[in-house]
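Below, subunit A partners subunit B and then partners subunit C, in two separate complexes.
And now, the complex of A and B:
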């Protein structure tokens, strides 16, 4: 598809039609504090970002290289907190760069793109296999917005209830997304320890969200929570929110645990960290009733009219936003196609055995590092459950800052200082290890911690 | 388009049979316009009070979504649970596939329902 920019004449006609003087006036609803000043803006709009005379390719490249060199590239990363450092097989980058796949969305005239639809179908199959759920959609933006959509789905089942209960630690960024997106709905949010769920249930509880692995890396007994909740009140929707999709390779699946909706972050499956996004949200459900409330695309397979071939098609589209319009539950009308495709290729490249091996190395590395650090004077592990690839350590007072500085000096991205997110988490640090962290780098981090405490 | 003589109708294409309670569904014309129906849900709670014209179900077809409106005010007594697994019966036999039973609270509203002739006329105009 050619990119055809608007000519100055086009722009003038459009501006006249909507009745504004120029482009600066067109954007005057944008808050002043984030706008370039008027002079700057007029200059850029007049002559472009590259100045009146433009730039040569050489000048442009060297400017971009100069900007890029200001990035700090770490040799080893010990931070996760929602975005994870994993090895991505070379086949992923190669295959997604094929021209046929270059789109961020479900293609228009989707059925003409049988290859893409098949990729989405395979993705759905992989998610249902990994989660043990019956139906998956074609993917969503990220873990946080998937959780938002899961709560909206829960509300469709029970319009009178207003309490959302979180068991385990929810990522504060997810919580911000939930509180922002759902603010007009008047929900009350309760955060409880996993063993306190049952004691806190009442008639107002719409959904229980079991976070596992949770923000602290804890693995919850989701099955016990789901069973107890359903025994008390089968109308409560149990949602599992999964911080790290790779964990699904070795942990009991949400389906086997008996949850109604499984959502989470699948950035770990072949998507680079890229400054924290874009990532990939997954959403899967256990039954047909919820299937009809599921946002986003669903690809189905069908038999061809002539012959025995299989064809792929968008299905159950009457659920979707472009048909339901103001009655739709969600504003999602496409999917995160390119990242979804990366996940499909990544999972296929690793295979079932490879996924299990990768997940196992994550746990082993995390357990090794946790064990080493817990032996240090003044360092205490705050996890009361088994962990996946993250864990939380309470460090000696103000050692956190020294650890961060020392890590930076050695080109490591150190653990996340949780006190910056929540005062209750003062002096706590969230560590993450994946298959990428070798023993030497973990030992360097242990040394840094040892020195920081003295 | 079939418009049985023994029923009453609404302009929004619901049929109504007045028994001890009000039994209602969608007309042959409605199912034909919607094409293949694949799902019906979003009923109010059984026992809840509904007003004439309020939404008492949402129907999904392969092409569209349509709301079903209460033809009269009253208490929602029952919905047809068979439709959950066989929504296609709304296409196959629209006048057998009832959707809801309502205990009417205001019998004067019956006068506002359309006769078969009036509905037929509304369809052809």
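And now, the complex of A and C:
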């Protein structure tokens, strides 16, 4: 099938108007030796995945349903590590599915895009409130790419320095993306415990990245780190990397802690897991100097040229690739706009009351589970700070495999075996709980762990 | 007066609440007070007001579902609704990206889909290996340029320049700079095509790592000397990068791989019709020829033993360019689109996209200046140069909004004065195209008879033309600052 509305008759009229005999003749400036006729085109189909004739809608749906059925939808999920299982209010899906939002492009034509522009403006307002920062952009791809962009922004402030210091545990999946994306820039990466930051500072340090909540779920005293770093050397850029945007509902904001740039993952604000994407990276800054180095779209309010009315428009575009080309600090064009829209509606649906409730239950569920598991023989909690909704347990040798097997058999997604990401973390498991995990399922996981230890 | 969501607050009446179960209700929060926040100024909004607010905002917006959206280089084609139904199946929507680590058997459906898509993209574009990970076109460009960087390092010749034509998308030079290349821009010739002489001059010093080209180019013209171009670049030891933003002009009809390109990204949200969503999410898979496969970052899916596996690049290659496996929600939709069409549907779509653009160009050639008259492909570029009474491209665009349709891309490419870049796509009917033509003809007539109507447009939208200079000079970027602005 295809989605072409023109009839054969329409096509004939149009061909005549254009002055060519048939559709094939339209390609008359393509060199003959690379032009595929019907027969030659068939030869490119080697795998058989792409058929000659396509499918009807009914065939497509049943084929896709077959694929979907071979992905297990777990009854309860205890895995986070950068992607979180949260409740999404029905109003979010309902509202974002409006075609006026869904099938629109970047709101370049402001007067016809006031709806989307206002939604972005509201998002910027929510993110600045949640982060306590002054300015937010309109979205980046995910937590990992936001961190990449934050480091590039830091570099724009101080081109000679080359050391990036991480305090707390950075998600190794983020770290791979950072190391790959920034590989031509020659940075050195140092990973230190939060209390070791000051002892490790030297004149090469460009930025200190405080991870909080970090990969292990730890909540750092970011304010203490930021204050100490700035006292030692105000030129160092302090970045907070936030694993879980929902945590901002109850934790001290990055702005109140005195950081320069706040970045992180906002998938937890109304975005389905979808096997890890599309997601939503947020980025917010504390001052005007950094605002002008910020990547991505920004929406501002302004007045009519000939009138008193107020409206919204994309602004500060002199930062962006379509204006500055190679002089632009970032190449981003398509971003994660629709997920930003999900986040705005999700945050508005929960309100301050719902956000605080949700965040609080995340902490309580994690504490409930952590407390039970830590009491098991041979299970040790590896966190040395309070945690948000994730925590790490060292389990008895090879218990991890038994836990995974038992969870799989009971249709649970069990804790993440960290040894699969880093050999230093052998026998450590990263647990995550959200408002979605009920007590019964947590108790089942405790039973699985109990049996795995014996 | 503008009412934002913050104006809809009704404390305690929020739409969605959560209450802890009995067993965890009394669990203590053990986080020290000094690490907790004081207050959160987010409005509690009753569900009915929440719904009305965002429905109202949607009414102040415009999508393909409302009408024609002829933005050049953006490929705003119809987005099939079945693809939405499929991506919302729990088996695609509610799966965790690391669940395969517990047991690979629990994710075989999605891995098969990814494996099939990476293979189909390779076949359709003439490449050998694809990663689906990059999140957007520009993100794909950056991924491809990192691959070129690694290739140059392996060669050890220290090449550090990337050539882009002056018609290229802004992301091309920006991506090259982000990968720390130096950018050389070459001018187009009088036909709007790559100037071979200039290209040879740029290559002469021997320090060029590669060229980035989009074909058809942003004037909508096929680079007729493409085989010569790629061969000259290869002879000079450079690589050829294909910007897939304009793939809708040739998909299934000819292949970038056969033109001599070594690396390509594909904008799934353009050619393969996933919704643009107001600026994203997109997906920008990157494909390479075999000799670069080991340098390409990002996961790939293998199928060696009847089971599908996620394979990360080998030692010496790069890791990932973002978290997890790519924008899966977008990838699933694109997969469905390709499967629905099949090869015949892809070819017919390309042919009709090219027919539609040529038809509109033909109908408008006496209404607006069309500086390049060669055969156009998926799009063409007009100019405001012969508009009467000083009517500009911006005026025309705003007046089009007034008359109920979206405007084309304007002021790009930069080499055309007051560029008006029109890409109708194959999913618009002749009747819709005739409407578009009539509207532009009407504006032309208004420009002659009553130019103020055009110059002061729009007249029928929620706001009149906005002051962009004020917006940038005095940034008002949050609701709090907006309140101060209103009070002034």
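Heads up, the rule we're going with is that the second predicted complex is superposed on the first by the 383 of 454 C-alpha atoms of A that agree within 3 Å, B and C clash if a C-alpha of one lies under 4 Å from a C-alpha of the other, contacts with A are read in each partner's own complex, and residues count from 1 in each chain.
As a working rule, contacts are C-beta pairs under 8 Å (C-beta built on N, C-alpha and C of every residue); 3 or more make two chains touch, one makes a residue touch a chain.
Quick caveat, the model's predicted, so the values are computed rather than measured.
Within the superposed three-chain model, A:327 lies in touch with subunit B and with subunit C [touch as defined at top]. When the shared chain is aligned, subunit B comes close enough to touch A:319, but subunit C does not.
In the superposed pair of complexes, A:75 makes contact with neither subunit B nor subunit C. Taking subunit B and subunit C in turn and counting the residues of subunit A each one touches, the greater count comes from C. Judged by the touch definition given at the top, the superposed model places A:289 against subunit B, while subunit C stays out of reach. By the touch criterion defined above, A:21 reaches neither subunit B nor subunit C. On subunit A, the patch touched by subunit B and the patch touched by subunit C overlap at residues 316-318, 323-324, 327. Listing the residues of subunit A that touch subunit B in their complex gives 156, 289, 292, 316-319, 323-324, 327. By the touch rule above, subunit B contacts subunit A in their complex via residues 38-39, 41-42, 58, 60-65, 67.
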